[in-house]
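You will see subunit A twice below: alongside subunit B first, and alongside subunit C after that.
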Partner chain A sequence: MTSTAPALGRATGRAQPRDRRKLADNLTGWGFAGPATLIILGFSLIPMVWALALSFTDSDLMSSGRNVGLDNYRALVADPVFHQALRNTGLLLFCYLPASLAAGLLVAVLLNRRVRGIGFYRTCFLVPYIASATSAGLLMGYIFDRDFGLLNGMLVKVGLPAQGLLSSPSQAMLVLTAIFFWTRFGFTVVIYLAALQEINKEILEAAAIDGAGRWAVFRHVIVPSVRHMTVFLAIWGVIDVLQFFDLVMTTTKGGPANATVTIVYYIWQLAFTYFTAGYGAAVAYTLFAGTLLLVVTGLLVARRRGAMR
Partner chain B sequence: MRISTVTAAVAATVLLAAGCGGGAKEQAGGPVEIVMWHGQEDASAKSVEKLVTRFNETHPDIRVKTTSGGVTADGMLPKITAALTSDAHPDIAYLYGSWAPNIARNPKTADLTEFVKDPGIRWDDFWASEREAVTVEGKVIGFPAVVDNMVVLYNAKLLAEAGLEPPGPDWTWDDFRAMARKTTDAKAGVFGATWAISGSEEAVWGLWPMLWQAGGDILTPDRKKAAFHGDAGLRALGLLRDMAITDKSLYLDSSPAEKGQKLFESGRLAFFMSGPWVLPDLQAAGLDYGVVPLPGTGGNHETISGPDNWVVFEHDERRVRASATFLAWLTAAEQQLQWMTDTGSLPIRASISELPGYQDYLKKYPGIDVISANLANAKRVRPPTTKYPRVSSFVADAIAKTLLGKADARAALTEAAAKTDAALAVPGS
Partner chain C sequence: MRRRLLPSGWHLLLLPMSIVTVLPFVWMVLSSLMSQAELNRFPPPIWPEAVDLGGYRTVLEGSDFPRWFLNSVLVSGSIVAAQVVLCGMAGYAFARIRFVGSRLVLVLVIATALIPFQLTVIPTFLIFNEAGLTDTLGALIVPQLSSAVGIYLMTSFFQSFPRELEEAGRIDGCSRFAVFFRVVLPVAKPALAALAVITFITAWNDLFWPLVVINSEEKYTVQVGLTTFQGQHRADWPAVMAGTVLTTLPVLGVFLFGQRRFIQALTGAVKG
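Let's look at the complex of A and B:
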């Protein structure tokens, strides 16, 4: 402050036009950035702070609620449904992520060729990603129905026993994982396809001249070349899985017997079905912390291995 | 040039901020404007909008603006919660009766207790269960909107094919089980009946009348402990388990999309437990259906009803008064008969049946007379406690586990009762 004061004093003399211009530049800058800043503040940061405050109360969003300190977080530790939601979401992550990355890259390699009708094949893989979760959920509800579903109909026709599918507490989450995979797969493929097209043809040719077979090219040229996209897709996948909600809402509503309750679905139930918004906010913040931890760990590992620049 | 760009950008920012923060101003003179979120779709939305137009034409001092609220009735709760938090709430909203105890906790919920004492409103003309559903701890928070109750619909053709007579009004749960077993044909993909196992209220509300008929209850009278795991509950869930596992006559519906109704419409279910709102759809599907009250226990055919409310929220005194005046008009017998004829809803007042147009309404919806008469069998409502949604989810889990054969009725209900007792023991809310 003391150092700028004399400068300002001098500015009233000769330097005035330059400072005014600087001010005008600043204002112009804020004029452009202001609306966006306000929107981010209004729709992201303020709600986040508000939700954090909410997580220390027993608010039901109807009345103001009392301050309960860390009680919501303590309750969470002993909540069996929360544990179930963690297990369900964890199972989804464990089954979905590796499979999605491996299959995505393989299919992208297959689609990265000059074949007649390639545009059509590429479109086929992207369509499920574009379809709305509601329609996908309702459609899959009919395919994976225990008694009237298409899948069980086919199983019985070829002489296999009918499965419990969405009506079975032990199978429902796996079925949901398959549906999730189907709706997200197009995105993984498109990103990998873009990365594959970035690979310099000369490198591939050089590898071929050096005598590398198809597998060796894939293993030693293609996989390392797209690893930055693999990191991106892995992080994106983690976030996507941890936020999983829409298909649960449209296929099972968390049933049967909580077999498909995911963390975000549980948050929704707590806030809008059970009127325990404060507790819901505590679960949401725990999820936020968990996601942050996973993503940051992932990024650090990737950086150490040199997969990121 | 540069200065004008800056000015424009700053002005835009300021305008944006002002636009976001613009609150509701108190109206000074002229007609009182009130806003209603009706949450209706299709024919019901058209009917309520028609009535509102008629009200605005005949009442120059009040102007009702109505929209669906941007959601259906199912989605109204999150929407109204957000609106109340940001002071953007309507004067009137359509809300399920089971939400009333929670809604009433908001200080912006209006108190119409004095208003409904006006003899012109004929408050006693509404059914008792409706008045109970819109009154929370002695405070009237709105007006009854819609009432319904649970009946059994049957597919006449499927029953005839199985060589069965349609059930009479004095049938029992054992009759229900036997008839469901006889109509089930696994090869043809036909089930006797269906039960929801999706973990939400649909799974639970059919169990309560079975429980009540046998002398049981959901909670103890002081609402501090579970009571559903007594003998009545065990027998009710045991019967359903026998149907699902021994007879395989229950289709277990794990979808939230009301698949049961579609299956019934397409002739794959012999019986369907539901309410009056499905009648227009069944007619549209051209189904040959019949309607009977629920099966009974020892001659008791008690059913369950879910009254929905028009809840009033406060802005200022004038608007609350105008809202109450409008609702008194909307829920009066003549307007209600119009609404019932348009939508197939049930009468919310006893006096409606005395109107000359009532017979035409009965003719328009075959079977509605049975459902309307069944209102007399709706004696109790679900416990008016803020914890009910939680209790319901515990019991829904117990039902799913039992019907899927993962637990027996006693173990499942005992576990649900323990969770319920724990939830009810938490003070507050």
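Let's look at the complex of A and C:
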């Protein structure tokens, strides 16, 4: 116990009254933790309440606007751009996210051996994760450019037709998802790798002795053992996907024809380029409610399946 | 079971995968060394015919890039310094000192990590607007003086930190403050370094908040500057790529230098 330490120091003197020691602990505790927590809570709880209030107004960012009740939320239901943003974000959540977790786990399993060069592979996979989305976006925006890009250049060289890529309404979101995958893949691999290294080797050995094939070991030993990491990565991924902004900003700016608009990109547009801050706040709150619902449902499902320890 | 060496067959799969992963960055460097005429050809060449530093000259002499770079260094540096001290202190308090409300506050802080910044960005902008602080570098620093991830990392680190050292310090009659700064911080260097690496990469790479709160070109960070630079120099791809290389170098350097710590912190935070 920390509280016994001062008493030791005064072994020769008079024992300090308990209340004073408690008071001292409270003061030092808050003195130490106060500044950091005040900044975090101040910049999250106050704006959260404010954003809710704002979402019931027609604020234009510069003035506080008048109360419009639920009008913003009603407008949202009929807003085609919002629907497109929902579809795009949904695609990322329900197709990209599970696929990226599966791919990450597979590669982590491959890397989970004592092998020359494992550090090299890990570094390679992490480089796109630490480079800024701006750099990644500009670079990939150029490689995937329809008219000048490296990819179309290569396609044409080998006699294949050039693709619309980021300029094509039907391909842009797929290309963007691939770029997103490329930037996040290393993170998934490294986290899974850490989980795999915790698996008791004897269990794997026992499974092998029992004649389990590679697939059976993967399916019945590895996947259940890393389930807590899967839960973490899924929650992290949901938050990450719902905040998908930088790459959109630096490659397509939501285009062509809103094909790649995501919810957060739309919030930014609404508040800071169209100056409809009240409406933007309503979209933001809808996003937040969605995140909360997804994360809580995910946690409940995970707990029911006994993944949380 | 002795772990066997990876059969060489797996290398045939992993090597191309890792090459595909880093190849775009290699080409980023190569294309930054091409001349404008060369890079504007279609299909674009893979290897530069001759090293042409025109792109770098445009970025460094013909734009505000050096200024943006300096702004980023200032902002990220201040954020790192503040987080190392503030999150370090908070983590220590949550792990070691019993005080009223500590558990509740810690849970609240960690829960804020689930709040998307885009939800709070509009009111946060309004707060800085009210205070007359938009379009200042301070507005970039203040909201990031501390972070939930940082507090969480430090708390779990100090929970596994041996108590004997501090107790020795306290017996010598030092105050808690003195013990923290003279005894605990020096020994906690590896964890603080990990926090510094993660914080630096996040701060340096931030685009959203600077984009919202900064208007004047001379106060841009590299990320915002690079985005607008691309808009203005659409045809000058070597220059855009040169800017991208220069923007990526600091994080790449910090990452390669502190890679072990970075990975330990990432995985440690998840396990904790």
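What we mean here is this: the second predicted complex is superposed on the first by the 289 of 309 C-alpha atoms of A that agree within 3 Å, B and C clash if a C-alpha of one lies under 4 Å from a C-alpha of the other, contacts with A are read in each partner's own complex, and residues count from 1 in each chain.
Going forward, contacts are C-beta pairs under 8 Å (C-beta built on N, C-alpha and C of every residue); 3 or more make two chains touch, one makes a residue touch a chain.
What you are looking at is a predicted structure, and each value in this text was computed from that prediction instead of being measured.
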Fit-or-clash call for subunit B and subunit C when the two complexes are aligned on subunit A: clash
Which of subunit B and subunit C A:250 touches, first, second, both or neither: both
Which superposed partner A:302 touches (first subunit B, second subunit C, both, neither): neither
Touching partner for A:28 - first (subunit B), second (subunit C), both, neither: both
Greater subunit A contact set [subunit C / subunit B]: C
First, second, both or neither for A:258, with subunit B first and subunit C second: first
Which superposed partner A:66 touches (first subunit B, second subunit C, both, neither): first
Partner chain(s) touched by A:201 [first = subunit B, second = subunit C, both, neither]: second
First (subunit B), second (subunit C), both or neither touched by A:138: both
Subunit B versus subunit C as contact partner of A:167, first or second or both or neither: first
Touched partner set for A:275, first subunit B, second subunit C, both or neither: first
On subunit A, positions contacted by subunit B and by subunit C: 28, 30-32, 35, 61, 138, 147-148, 249-250, 271-272
Subunit A partner contacts - residues on subunit C that touch it in the complex: 1, 3-6, 10-11, 13-14, 17-19, 21-22, 24-25, 27-28, 31, 40, 42-44, 46, 86-87, 89-90, 92-94, 96-100, 102, 105, 108-109, 112-127, 142-143, 145-148, 150-151, 163, 166-167, 170-171, 173, 176-177, 180, 201, 204-205, 207-208, 211-212, 223, 226-227, 230, 237, 240-241, 244, 247-248, 251-252, 255-256, 259, 263, 266-267, 270-271
Subunit A-facing residues of subunit B, complex: 2-3, 5-6, 8-10, 12-13, 16-17, 20, 77-78, 81, 84-85, 102-103, 105-107, 189, 191, 197-200, 203, 251-252, 254-257, 259, 263, 268, 386, 389-390, 393, 396-397, 400-401, 404, 406, 428-429
Sites on subunit A touched by subunit C in the complex: 2-3, 5-6, 8-9, 25-26, 28-33, 35-37, 39-41, 43-48, 50-51, 54, 61, 107, 110-111, 113-117, 120-128, 130-135, 138-140, 142-143, 147-150, 152-154, 156-157, 182, 185-187, 190-191, 193-194, 198, 201-202, 204-205, 208, 229, 232, 235, 239, 242-243, 245-246, 249-250, 263-264, 267-268, 271-272, 277, 280-281, 284-285, 287-288, 291-292, 295
Subunit A to subunit B touching residues, read off their complex: 24, 27-28, 30-32, 34-35, 38, 42, 58, 60-63, 66, 138, 141, 145-148, 164, 166-169, 172, 249-258, 269, 271-276
